[in-house]
Structure formats: C-alpha cells, structure tokens
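Remarks on the structure that follows.
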C-alpha cells in the first residue's frame, strides 16, 4: 500500500475519534502500519485535530525513528510500536481517553461481557493491565506500557479481543487496519457505558453464558459468520 | 398498501432510530408487514444507515424467503417473523441496542412503571425474557429469541405493552405500523433512562398506583382517550 | 397585552423547551395568562412542535372554555388554570418531563438545595406533592393535580420557589411570564441533574447553610439584588 | 499587551465555555489581567453570551473600579481580583458551574487523581475550600470566596494545580492566560466526570501512584516535557 493512501486512512481514523466524541482537544491518537517496509504512520503530538491533514502525520520505522514528517510523533508512539511488533495481524491502533472506558481503566476493572453487544465484538472480557513498577515508569514508560499490554495478552488472542484497558490510564484498541481500530474504540466506549449502567442496576450482573457469547461472536466473525453482506452475492 | 410506500416507511423508521441516537453504526433494524400478502420489508444486514435507501430494503415472505432485494436481510429477521406470526395486530417491529434499555436487559430486570411517562405508553412493566437454553441458542437462535418473547407475553397484551427486553441482549419494540414501532423504541429508551435515575435515587421506588397508571394509559389509549386531537373536529 | 403578542411568547417558550432538550415528541406544554381579561394561551394537545405556530395555540378562559383556536388544548390545561387562580403573581406556566427532575418526582423526593446554583433560583428545596387519592385521580384528575400543588405550597411563596415536582409524574414551573417559566424549567433540570450527581457522590450531602442560601438568592432577587444589569445605567 | 487584544481573548474564552457546554444562560465568567498597568478585563454581569462582543467587556483596576465599559462587571469580579493579587503568575481566570465539577464541590469532596488524564493537567487532587463563616458571607462575600481559595492553596502551587472547587458553589480555574484558564475549565469537567464514574464503579479506587502521577505531569510540564511540539524544530 502506498504511504499516501495510508496517511489518508490514519488522518480519517483520527478524525472519526473526534466526530464520535471520544477525544477532547489533542487527547488520543491513531496509527497504521505498512508491514512490508515496517513503516508506521501516526498522529503528531499535541497538534489540534481541526487542522490535521494527511501531510501532518509522521512516518517512522519500527524503532521509532522518524522517516518523514515535520512534526514530533505522538508521545505514545513506543506503545504503538510494541503492539505492532507483538501482534502480527494488527494493522492499526487507536488510543483514546473516552470517558467510560477510561473510568473502567481507572477503577482497575476488566469490562465483563454482560450482553450480546459486547459479545458481537469481543470474545471475552476486555482485560486490564497490571500496574507498572516504578522502574518501568521511570525508563521507557511508553514502551513498557506496550509490554504490559502484551503480558496481559499471554494466552489471549488479540484478534478476538481487540482492546485493552491500561490500568489508571485509558484504553488502547486495534484492528486489521486503522479504520477498524477506530471503530473498535467507538464500540468499546458504548460497551463500557452500558456495562457501567448494568452493574449500577445489578451489582452482581453475571457474564453472558458462553453459549450466547460464542453465538454472537461467531455470527460476526470467522468462517461461519452470517452477519452483514460478506460472501453474499448481490445481483 | 403498496410495497413502495412500505419501503419508504421502513427506511424512514430506520433513519429515525439513528436521528434519535438509538443506534450506533449498523446496530438495530426496523421492519413492517403487509398483512394481505404476508410480505415483510426489513433493513438489510450490516449496511450503513447513511447510505440506506428504500431500494436497499429486503422483502421476504413469512418463512423468511427473500422475494425482492439485492441484499441479505437483517440477521434478526427470524425474530421479527415470529412476532408478526404471533402478534396479529402488530404492523411494525423495531430493534435497537439503545443504552439504557439494553442496560436493563443486561441486568435481567423488567422496567417497573415508576411514573406517568411510562404509564402513558406501557400498561404495566416492560418485561424481560427468560434465558434461552443452550439448545435454543445453538439452533434457530433468532427464531427462538422470538419464541422467548412470545412466551413472556403469555397473558399479556402486546398492544398494551409494545416492548420487551430480551435478557442479556436488548429491546424489541412494536406498534400498529413501523413508525409507531420506532416511536415506541424512542419512548422506551427515555423511560429506561428515567427509571435508572429513579432507582439510583430511591432503591425501593415503588410502582405507580394502578389508579394513576390506568388513568394515564387510558388518557391516551382506547375509546375514552382524550389526549391529542383524535376525534376532535377542527373547524 | 395583545393576545397576538402573547401567542408569540407562548409559542417561543414551548420551542425553547424543545431546543434545551427538555421535551420529547409532544411531551410538555407552556402557557401564559392575560390577567385583565382572564384569558389563557396554551399549547394544543399532541401537536408536533416542529409544526407549532402562534396560530395553533388555544385561548381559553379561566373555566377552561375555548375562546379561540381550532385545536383541543393541552390535556394538562386544568392544572395550569388552578395555578393561575391560586398564584396571583404568576404569568406563565411550563410543564415538562425533563429527565432528572422527573426522576426526583418519580422517587418522591424533594430536591434539596445543595449548592449556590440552586440558591440563585429557588429559595428552599423544590418540594414534591403528596399522592392523589383514587377519587382525585378518577374525577377531575388534572384539576386535582393543580390543587395538590397548591396544597404543597401552603406557607410557601411560589415566587421564591417557582417549581414543584408532582409525585410520580414530573415538574411544573412558573414565572412572572411564560419566558421565565420556561427558563425556570431549564434551570430546574440542571439543578436536578447536579443534585443527583452530588447525592451519588455523598449520600448525606447536607443542604447549603441558610446564610449562603439567602446570600445567593437575594444577590439575584428583591430590592437588594446586585446581579445582572437591572437598575444599572449604561451610559 | 493592548487592551483591545485582551478584550478579544477574554470574549473568545467566555464563548469557548459556552461551546464546550460548560455554562447555561449567563452562568460563568472569564477574565484576564494586564499585569503592567494592573487592569482586568471581565465579562459583564448577566449579559447573554449570544450577544457578547469584545466591546461589552468591562475593564477594571485591581480595586474593582470600572475603568472602561458601559456594563456592570460580573458579580464574581472580587473573587477574580483576589486570585490575581495572590497568584502572581496567573494571567486568566475562568469560573463555571459545569455539572460534574460542581457536583464534587457540592459534595464537599476534593477530586482525587484517579488516572493519567488528571495527572496530565493537575499535579495533585483538585482541592475544595472550607465553608465561609456567616460573617464572611454577610460582608464582602465574593472577596472572601477568593480569600478562602488562597487559604486552601497555602503550601500548594497554583501553577501545578490550576483549579479549585469552592465548597457548595462551583469551580474556579486559572492559567497563564485566559485561553488556558478556559482550557483548564474544560479539562476539569472531563476529569470530574471520569472520577465520578470511577468512584461509582469502585468506591475505594485509590489515587494514582506518585511515580505515574509525576511521570504524566512532567511529560507535559516543565523543562523536561516532551509532549506536543514545544522546543521541536519543524523543518
């Protein structure tokens, strides 16, 4: 894929986060990777969204070195890079401080699957990372945030659960491309909000049965999916 | 009624759900039935609302067979069909994942009638279905969802209570036509939100007295209704 | 005042309630009185706001008899009439089902004065009426709702506390004219919302001290008011 | 700086508070100081925002005497003046009754630092003032409000914690200029909202570790900051 096209997609995904009310001022950032050359396109740090154009985005290699761009990349770039290095099928990453997902992250609680809306997108709870140590905070903080995410996903498939809550911080989401990453960030916020209301109504609201959870997840994902128009011939 | 007119009404009702903030992306669907020929007009599965036109809608018969349309119908079609088969006076069905109604569904709690706003539209609590069995989930899941709704309405009049919460899932609403079904979905969300706030303020907030509940319901419904301009001659 | 002018003001106040998100569909109504002739201008029942024009409003006398207008008046007219009859300084009334004020009404709880925003507008808690008896519901329900409000205000000055919560129903607000009545409905909702959040944070959040309550109320009201530009000569 | 330019900035900051949904009707006010001559530019009292122009703003000296302007200044002017007198590095002040920050103020609770969003802007909890005495309310109330804020900041750096909750009232925020003051008011509301949701999810949600709190605060503030484009040469 041409970088020019990827710049457009990353710019559009960043703006989608704004349109959906997920970011305030310059909070949040989205990026995409071009796997062949190992190039990452990411939002510049602290630049207002109203003025963001594809040309403002920063291109780096997987070590974080800027290849193209006038601006400094998002300070969360090292977290994105770790995710690209460890999650080989991920093509895009989106990070927001959306209100309800952040509240769950601040409460240090995974978001349990309480309904089919959640099950449609996440095959299991949205997990929360462990606290970083003082050392991990002091040196390479953003990289260590990425490593803490990867540690949380030991034994978990990042394709089936395309989001995480960084404890005391906020969510990171991903997808096969940056549009899907942003889409998952929007869905995550909706799910976090409904899970909040649900637990307020019923403190012990249990997780959805695994039968129903599987039913909904595989209605939308995998070879037996039958939601949407994929594989349907329109004549 | 001509199918062309029904297509317009179904398209408009689907868009009303979006305008009122009840659906996110492609969540939700609305349909209508033409009773004479037994034809159902429904939203296609997973098609973005921004692009939805009357021509995109799918027409099926009551067995779910597509009669007209390039797209695959909503995956919830079998639930709609069961409702049309069992609730003979229903002309339209609307399904959303609206936030507060879904939270009550996820909490597994019926929405009690806590005020006259509720009483104006629903003659009794908005009930919640029982869990489906593993078998009912594995085979004909969407049809069994419809049957679970019908079972919940044994002894209840679907005209007086035009909505249900599917446990762990979300609401289904209906009406004499699809516009009324969508209208009821909007009202249900408002009622669910206020009931949430009310129970947070007062855990044991009791149901409205039956005298007041009846008063409000029959002010708007039935032969003695005196709300609105129905039966009023404007000169 | 000419009725034509009053029609415009009542229409505008009704639309202000919509713009501020206080009414859904045809919920709510606002009216004004022309004291000299004892004429009341009120919204018609169940007419969509989008189409509301000053000409659609209904003019009645204080017995509720329609003097001008093609439409049936709001079904809540008798409540408005009782308020005009008992509260001699009231020039306008607004009724909504705004979410948080309605939640307090449904919870059967007066809104305590928890801060200066409340104290700026209401000199004391916003009271809640008692339940109506079965008889009061069965006959002249809307009139009896008005009488229940008046009973709640025995010993209270409706000018200092220009709103009430009708238990199990919703708020009624008033003012020296219909614009002020609608304004108070907007403020009431904001106050109800903040009181809700406050009590969730601190169950026993106490009422504001009377010293601070008086200070704020009389900064804006009465002969010693010094908020705004009233009595200030701009040169 | 020319007063004309400062008038524009103060007008713009007041309008930003409206655009961000932080003020209702005429609630709230923002001001700026021109330190050389000791002149303060502030919103007039009770003037609708829709009509606010730079020419409507009032210029006073540090004793509160009007130097320029047709209108009476905001009734909260004496609070602003005390802040300018005691906090020498403050160039702008913004006061709102934004919902969640006000709820914390009404609950009499400081906003604890529960996450990195808070840590990015406030180096410690957002404190709450003590109650004023009856005497302090009766005489020079607005000035005493300012003094209560200063008392709360004994031993605290107003640059590191650019906001306070006035108990039973609402927040005051500040910054090196009025745009930053308004920006901090917007951030404060977002933080107050997320802290509310967090404590609802987890009553005992602890404060962020000081290591992480420092990391985030100093990523954005001070000589070692590396967020944004400051100090970055774009080529």
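Note that the chains are named A, B, C and D in the order they appear, and that numbering of residues resets to 1 at the start of each chain.
Please note the rule applied: contacts are C-beta pairs under 8 Å (C-beta built on N, C-alpha and C of every residue); 3 or more make two chains touch, one makes a residue touch a chain.
All of these numbers come straight from a predicted model, not from anything done at the bench.
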Query = Within the chain touch network, how many edges lie on the shortest path between subunit A and subunit C?
reply = 2
Remark   = Per the C-alpha fit, the turn needed to bring subunit A onto subunit D (nearest 5 degrees) is 90
Query = What chain is the most remote from subunit B, judged by the mean position of CA atoms in each chain?
reply = D
Message = For subunit A versus subunit B, which are copies of one sequence, does the interface use mostly the same residue numbers on each side, meaning over half shared, or is it different?
response = different
Distance between chain centroids, defined by C-alpha means - subunit C, subunit D (Å) = 33
Remark   = Taking each chain's mean CA coordinate, subunit B and subunit D are separated, in whole Å, by 46
Request  = Note the residues in subunit C that touch 2 or more other chains, in rising order.
outcome  = 200
Task = By the touch definition up top, name every chain pair that qualifies.
result = A-B, A-D, B-C, C-D
Ask   = So in the complex, which bits of subunit C are touching subunit B?
value = 24-27, 44-47, 70-72, 75, 97, 99-100, 102-109, 131-132, 134, 137-138, 141, 168-170, 196, 199-200
Key: subunit C partner contacts - residues on subunit B that touch it in the complex   = 114-117, 183, 186-187, 190, 193-195, 197-198, 200-202, 205, 208-209, 211-212, 215, 219, 226-229, 232, 234-235
